[in-house]
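These notes open a run of structures that come right after.
Shared between the two complexes below is chain A, which has chain B as its partner in the first and chain C in the second.
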Partner chain A sequence: MSTYKIPVGPLHVALEEPMFFKVEVEGETVVGLDITAGHAHRGIEYLVAKRNIHQNIVLTERICSLCSNSHPFSYCMALERIAGIVVPERVEYLRVVADEIKRIASHLFNVAITAHLVGFDSLFMHVMEIREIMQDTKESIFGNRMDLGANCIGGVRYDLDAEGRGYLLAQLDKLKAPLAEVRALYETNGSFLRRTKGVGVLPRAEAIRLGLVGPVARASGVDYDVRRKAPYVVYDKLSFDVQTLPDGDVWSRTMIRLREAIESIRIIEQCMRDMPEGPTTIDKTPEIPAGESIAKSEAPRGELIYYLRTDGSDKPERLKWRVPSYNNWKGLQVMLTGAKVADIALVVGSIDPCISCTER
Partner chain B sequence: MWFLPVLIRNLLKGPSTEAFPFGEAMTPKKMRARIAFDPESCALCRVCARICPAGAIQFEKRPDGLEFNLWHNSCVFCGLCTLYCESEGLHATGDWHLSHPQSEKYDLVEKATVKFQKCSKCGKQKMPAPLPLMAKLYPGLSADEIERLRAMCPQCRKAETAPQDGGTQ
Partner chain C sequence: MKDVEVIVTRSLAAAAADRYQVNWRTDVKGVTTGWCVLDDKDELVAVARALTELSARLSTITAYGAEKAKQTGKFEIAYHFDLDGDTLTVTVHIPVEGEIDSMTPYFANADWPEREMAELYGIRLRGHPHPERLFIDESLGEAVFDQYIPYSTMVNAATTKGLWEKVLAKGKEQVAK
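Showing the complex of A and B:
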């Protein structure tokens, strides 16, 4: 059988983000893959060196929409490490709450997109409607549906009083039943299982070899979660299970995200229970000396690393971040080899690629 | 598990989208939308222009003061200016209705001139000292006393509030 090369992308492969694949096919089966990136490069790493430390909280928040809280969160942690700022305990809890709310919304979005990519659009709409509960929550607590603006240097910009806590818990209660129903649907619905079981398989050994992170690695049985392996803020005080599945196919990745969304609800509820009273920011203007630091956090897509170097001025000398999608798209080489042409978009969507983060 | 029951339930529930523009859309109390400026509460410290990541805020020199300009079309609604404005001159409103015809794009500006003042004691030109800021700086002083200090320049104010006999005030 002769082989062909077909172009996939750069527009709208799985999401409305540009990525170009040159796929080598034999009949209907993919035998080779060439990934070309760089379509969404905006020069943000250069821009951050031209903006002051406060402006960069806003700029890093706008690198990407779905993990928009993880970026300023990690950036603030890196800054605080250089300045030796110890944030109040209440701030740590509030930061966890903001991050987990974003995680639920981000995971539900990808789970919905997966339904859309298998052609199950009524399920897609249903999950997006459930996700809207979280969007309303974000808008009511933080003031924006996507860019929370939760972090500032040495603290958070929002607070949860008794009314806010009650509202958040009520919203989470509202989410629980539909989420459990959706999980059962994804677990047992024949139409969905036939399109996703055994598709785009990534074996555990390959996930480790390529250094994959986040839900993609956990769906291949790699028990790696920054929140557990290198706890930051108060994650060491919270009880949650790191979700893993052995198969490494599209279905496993979807299920991991649904389970993690359910775990996130548990985490937020614990935060609401254990959060101490206290200030929400440090009470002095932060002074950032020259220095360098690294901060890691578990973004919805996996391990996010921030490297920051300052020179004592109010602008960072260098800020560099490695996002989870950078590792994960290497996994596509393995996942797509042997897949059918019709499954390309589905498999690409299943790693939850974030092109804007990766190419910035 | 069959999806059909969910589908029928959703069908009976009716649309879950908002009827905007024919009906009201949800606007939470804490919504960060159009920024409003109150010239009475501006101390002309210009920290907002320095902090604005979008460069939406500019101050321009006028003969009698400084003109504050906030371009709503450049604003990214991050709310940093409202966070760092110590004199509470900037507030995020819940008004997100910012659509406008192309021809009006240069008119969507929050504009006001903050006038310089004359010191009530020495008569020199001075920056305004807005009430919210002064109330923070001099907690415990009566409203009349704050009004009196507000009308002075920083040097006269310092002289006025310095301890008279070397003791603490």
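Showing the complex of A and C:
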């Protein structure tokens, strides 16, 4: 049988972000894949070298929307490591809270989109409605639905008093029952299972060979979570289970995200229980000397790494970051080989790709 | 000394003898970062091979800015490897006209970061399987980070302060008329 090349994208492959796939097909089976990127390249890595250290907190938050908090969070940690700043313990808890709220909202978004991509739109809308509880929570606590503006050097820019903590816990309680309900649905619904089980399989060995990270790698049985492997802030004091599944298909990736959202609720509840009183920032203006540092965090899509080098001036000499999606695109070549044309969008969506992040 | 330091130092010594420096830092959470500088860029292949044996994962590659390369005559490239949570950064220096060996035979995911540093900084790769552009269109020149300036700078509104001063000056002109 002869093969054909069909263009998929760049617009609306799975999400409203541009990525162009040249897919080679034999009949309706995918036999090859070429990825053409660059439609959302904004040169942010160049821009950060032209902005001062404080302006870059604002700029890095705008690299991505769904993992917006992970960027300034990791960037501030990189700065603090160079300056030897030890942040107050309350700050560490508040940073976890902000990051985990974002993780729940981000994971639920992808879980919802997956339902949409298999044509289960009532479930899509139902999950988006559940996610709205987290969106409301962000708006109430941080004043914004996406960019939280939670981090600064040596501290956070928000606090939770007794009323705030009560509100947050009540919002989490509201999430629990509907989340358990949709989890059961995703686990047992026949039409969802038929479209996602055994589809877009990424074997563990390939995930390791290609250096994949985050829920995509964990769904292929790679037991790696930055929060556990390289603990930062107070993750070493919090109890949570790193989620892994063995099969590496679309279903596993969806389930990992759902389970992690549920784990995040547990994490935030522990923070509310254990968070000590204290200041929310250091009490002096930070000075950043010359130096270099690495800061890693577990963003919703996996390992985010920041490398920072400073020369004692107010601008970073070099600021480089690698987002989890950047590595995960490579997995598509394995997942899509042998897949049906009708599943392309579903498999692409299942790596929870972020293109603005990837290209910067 | 943590295990990772001992194991990696042994591997580095086997791969690059005494032609490297390395130092280690461990933070309060017990997470270690290693900082290694190789004397000769051509040692990188041997070091990469040694790191694959330690099941290292290439996290990313950082190339250094063109402006600095102009001053020193050398590019600096830092390879960041993950060792089960700890991070080893291996830095090499290459002359501006020089080449660097591709890491793709050892780390499949070096593909994209290498193509990116080639298009942004004009760094030449040796042995990359398909060294075409990654993000930047072919119609744009080489080493875009060196050649191109942000649109906001081009229109002389690099900062909001600069823009505001222009607006104020315009306003005064109009009042004077």
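Simple rule for what comes next: the second predicted complex is superposed on the first by the 360 of 360 C-alpha atoms of A that agree within 3 Å, B and C clash if a C-alpha of one lies under 4 Å from a C-alpha of the other, contacts with A are read in each partner's own complex, and residues count from 1 in each chain.
By our rule, a contact is a pair of C-beta atoms (placed from the backbone, for glycine too) under 8 Å apart; a residue touches a chain by one contact, two chains touch by 3 or more.
Keep in mind the model is a prediction, meaning the values are calculated, not measured.
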Partner chain(s) touched by A:Asp173 [first = chain B, second = chain C, both, neither]: neither
Contacts of A:Cys152 with chain B and chain C, given as first, second, both or neither: first
Touched partner set for A:Gly143, first chain B, second chain C, both or neither: first
First, second, both or neither for A:His54, with chain B first and chain C second: first
Which superposed partner A:Lys229 touches (first chain B, second chain C, both, neither): second
Which of chain B and chain C A:Thr188 touches, first, second, both or neither: first
Touching partner for A:Glu26 - first (chain B), second (chain C), both, neither: neither
Touching partner for A:Glu129 - first (chain B), second (chain C), both, neither: first
First, second, both or neither for A:Asp274, with chain B first and chain C second: neither
Contacting residues of chain B [partner chain A, same complex]: 1-3, 6-7, 10, 16, 26, 28-32, 50-54, 76-80, 83-84, 92
Contacting residues of chain A [partner chain C, same complex]: 37-38, 41, 43, 45-47, 49-50, 81, 86, 208-211, 224, 226, 228-232, 236, 292-294, 296, 303, 305, 307, 317-318, 320-322, 326-327, 329-330, 359
Residue numbers on chain C that touch chain A, as the complex places them: 27-31, 33, 35, 57-60, 62, 64-65, 68, 78, 80, 82, 84-87, 89, 107-109, 111-113, 120, 133-137, 144-145, 148, 150, 153, 158
Residue ranges of chain A in contact with chain B within the complex: 51-52, 54-59, 61-62, 120, 122-123, 125-126, 129, 132, 136, 139-144, 147, 149, 152, 157, 181, 184-185, 187-189, 191
